[in-house]
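Please find the structures below.
In what follows, subunit A forms one complex with subunit B and a second complex with subunit C.
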Partner chain A sequence: MKKCDKVISVKDLTKKFGNFTAVDHITFDVQKGEIFGFLGANGAGKTTAMKMLCGLSRPSSGSATVANYDISTQGEEVKRHIGYMSQKFSLYEGLRVDENIKLFSTIYGMTDDMIKSASDRLYKSLNMEGMKKTLVKDLPVGWKQKLAFAVSTIHNPEVVFLDEPTGGVDPVTRRKFWELIYKASEEGMTVFVTTHYLDEAEYCNRVSIMVDGKISALDSPKALKEKFNVATMDEVFRIVAKDAIRED
Partner chain B sequence: MAILGSLIKKEVLHIVRDPRTMVITILMPVVLLLLFGFAISTEVNDVRIAAVVDRHTDETRNLLEKIRVNHYFTFLGLTSENEVEYLLRSGKADAILILRTDETRLKGEIVADASNPTNAQSVATYIMGVINNGVSSSPVLTYTLYNPQMKSSYNFVPGIMGMIFILICAIMTSVSIVREKENGTMNLLLVSPIKPATIILGKLIPYFLLSCIILLIMMLISYTLLGLPVSVTIIDVVLVSLLYIVLSLSFGLLVSTIADSQLTALIGSAVILMLPVIMLSGMIFPIDNMPVFLQFISCVIPARWYIEAMRKLMIQQLDFSFIYQEIIILFSMTILLMSLSICKFYSSQKK
Partner chain C sequence: MKIRILKALLCKEIALMRRNPIIPKMIVAMPLMVMLVLPLVANLDVRNVGVTIVDNDRSQLSRRIIYDIQMATSLTVTKVCDTHNEAMLTVENGKADVILTIPPDYSKLLLSGGSKVDIEANGVNATKGMLGANYVAQSVAGTLKQWREEMGVDLTPETEKVSVLNKYNPTLNFRNYMIPALMVVLLIIICGFVPTLNLVNEKETGTIEAMNVTPVSRFIFVLSKLIPFWVVGLFVITVGMLIGRLVYGLTPHGNILAIYCATILFSLVMSGLGVAIANNSSTMLQSIFVMFAFIMVFQLMSGLFTPIRSMPEWAQCVTYAIPPRYYIEIMRSIYLKGTPVSELWQPYTILFIFAVSFSIIAAMTYKKQS
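For the complex of A and B:
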């Protein structure tokens, strides 16, 4: 992991819905090539924070840059340099595998030649050559998840945002999915991932734990475990989140 | 441009790969047109009529012959006076003509089965017409302009078109947008560098094209099978319909920005759009007969103005200058709805 520059830099980012402060002055940086885990109970504000970073939602106050573009003023540029995969499985189910790849790479402004080489690489690395013409809805869940990740990174973004990417997936498939994440990170892509599975938090370079809209802990899993003197991230989470007021 | 193209292609693939929706979309207009055109008809065909004649004269024979050759009637033959009630009650006859010759004057009586009052009235009027035709003294002459045979087969065409486009454009567009919201694919589009306007166009254009195909099918049926008179007004019909299609699409877009689930979108468009269109647009019930309050409401229903314009163009064969009022109203409604829904679309993305 190269510690050269900050790919995500967040300062006092806040989001209010009326009187309710969903995200309360959060500040953190993410380095290039890092796998950054973004944890928190339901309703802690992690999805809202992530949406602001992706340009799906406007901050009430504070600032942030993603890939060196300001999210408030350079939304278009931010969108060009990020990939996004959401909680729900997010590809067009009614389209074939190759059609999905073509659609999303066209959306990201890739030329036909680029699309061809990128999709060839994708089929090879995912071992999906025989499934090009399969409708996505007919793929097994594990394959869909892997394909969704590959499609969200097909334009080689600087950061990829993964919003609970492994929800509802069995442990073996989750393990395989994380192998893809590692591979992307090794190639220099920054991975920003929210998850509910605390064993997955162990795979991250650093994790932040959000409680009631604020970041209550931020460090590497190892340092956090040492700090709270426990053996697993699960216990860390319990200690940090025990004072949470908000519930679902 | 390439992006818009690929979005449109995606939408078309979705439409084409959902054969059920496709079949319903194409078949519904056809079935409705044929149903209203032929099956549900207010014109009375094939009236079964029997006659009671107390004394045969040249006059009565003449009259019965007229009924016998008239293709609107099926002449059941002569019957006796005490059979009359049985024939009507058992439904074997729709009307009985009783002819009495009193000295030398012929007196006619019509007994009609009025379990369906509209039918009975038409039947009675037909028979009177035939009788009066024979007797030279007919004081009142009724001319029905534009639709001389009182054919109802194409009277319904404007109404059905008004309904179908709201149905196809509004419901299909809103459901397809909301489905993307539900599936999460809308977020994928929104985090991508696509401009919101491109997303909207990528949704509207495919359904606009689909509506054009439906318009073509409906016009083919109307002008051939239903026998609508062909004239230069066809061009105006197409133009006004295209305007109305755009209006319906904007309606769909508006519904989709408000609704969160496909079900809400469906119920929303069905209740907000369908019922008023059927009840208040003048499609079935004449607007002039409504209470003033409802007449007032019907003014804000786009279908009312579209149907009125279509009646003038298709049935009265009037030219464009007679529908300025409708055009202006439809046009303003389109602009209003379009800007409203685009504003809502943008603001809902930028919360």
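For the complex of A and C:
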């Protein structure tokens, strides 16, 4: 991992809603191929920050580049090079699995041949060959999450943003989901993930902890545990987030 | 490339619409219901006017007047009374709309010098009162004319005899006026509401976010929301025309292609408006409420039910800004008069301008970034 390979570079990024500062001058970098954990209590501003990086929300001040494109001026270019999986399941429930894949990959400008080989690979890796023609609303939650991840990375983006991807998913499926994340990361994709499960934070190369719109801690899980002299990320989180004022 | 993306988005819209448990049924059932039932019900023709007669004359002539009223198509004799008070009672309890008072010795006075009958109408329902009184007056005049001819005195000079010929709707059937209007109502409702609810639904379920995070151009995305309603609009109009023909025997006198062309433009106007409203609403409730406000004005101020020329002047000016006004004008002209398109270039042009600008507004108000 070279220092110069910054995929995400954030400087003083701020988002205000009226008098409320949801994200307050955050600054950090994410390296290529890294799994970057973005932790924080409810209402700390994680989703808002992520939405700014994805070009869904306009920053109030500060700047950031994602995949070398400026999020303020080149929003649409950023979108071409990222994948995003929202907190809310957001594939079309009324479309079949193959129809969802076709729709999103066409939007990313993939040709029919590319779509075919990408979706064959996807079905195989997810073991979904028998479900191509199933309506997405009829899939179990775990499958839906895996499919949403696969669709958000179908165009092989440089960065994928995952907003609480494993919310409401059982431990076994969670484990499998993280295997997908590792695989993507091994293939060189940068993964930017928010989560409330602190065991998942241990899987990340580095984590940041947001408290009341600011980043209060940022390092590898190992370094953070050493710094606070505790055994688990859970304890790290408790110590860092204990002064949080905001509540959901 | 862009065409491919548009095609993929259209496939998505069509698949979702087709699989929706309610929308396709509504698109079929609503035109059927409206076209089969409403032309029979929504009728401004005044029929069954109840007439109470105070007959103070009790002559052969007065009995003839009563008989002729009884025979007239739109009039019914509710009661023949002796006193005016008694007659008023029938109006007050809603049984009669018009009172005809025949004065004592009417037939004698009429021959010697002249006398007048008295017609009073209940004005609570202004149209019914006015027309009812008119019908009674006509009926009485008819009886008198005949009676005079029989008696050998024709007092009406030849020049005053008028013969009326109603063009384009020869039987003055209100239904013929309403059928094109009802199709417009259907289009306003279906092509206005469905795209609005469709887009707000994407906001509520969160799928819009998945779209906004892709590089899809907002013009293409909005187009994919508008185009399906050309098809829906054409379908609705086709159903309307078929029922108009099969059930009511009303066939368009003009070019059907011209009707379809205007329909595409108008469905674009309505769905563009719908998308623009959806862009500015975050919940279905909000969007429905706003859409209703527009639909109210569109229906009542566009000349659908009440002629624009009888509106106050300021309101007539406002109607120029109401797109359905032009569509209705085109529909009625082609349907009832068979007007050629060349004479309707003005409403077509204006409708076209509205269609383009509403589509642009729909695309401009669609924000991929908040």
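Basically, the second predicted complex is superposed on the first by the 244 of 248 C-alpha atoms of A that agree within 3 Å, B and C clash if a C-alpha of one lies under 4 Å from a C-alpha of the other, contacts with A are read in each partner's own complex, and residues count from 1 in each chain.
Everything that follows uses one rule, which is that a residue touches a chain if its C-beta (ideal position, glycine included) is under 8 Å from a C-beta of that chain, and two chains touch if they have at least 3 such contacts.
Note that the structure is predicted; figures quoted are calculated from it, not measured.
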item	value
Clash or fit, subunit B versus subunit C on superposed subunit A	clash
Which of subunit B and subunit C A:K214 touches, first, second, both or neither	neither
Partner chain in contact with A:E93 - subunit B first, subunit C second, else both or neither	both
Touching partner for A:G55 - first (subunit B), second (subunit C), both, neither	both
Which of subunit B and subunit C A:K79 touches, first, second, both or neither	both
Subunit B versus subunit C as contact partner of A:K225, first or second or both or neither	neither
Clashing subunit B stretch [against subunit C; choices 61-69, 79-87 or 205-213]	205-213
Footprint overlap on subunit A, comparing subunit B with subunit C	54-58, 76, 79-80, 82, 84, 86, 88-95, 99, 102-104, 106-109
Of all residues in subunit A, those that touch subunit C in their complex	51, 54-58, 75-77, 79-80, 82, 84, 86, 88-95, 99, 102-104, 106-109, 135
Touch list for subunit A against partner subunit B, complex	54-58, 76, 79-80, 82, 84, 86-95, 99, 102-104, 106-109, 152, 161
Complex contact set, residues of subunit C against subunit A	1, 4-5, 8-9, 11-12, 15-16, 19-20, 205-207, 209-216, 368-370
Footprint of subunit A on subunit B - complex, ascending	2-3, 5-7, 9-10, 13-14, 17-18, 183-185, 187-194, 349-351
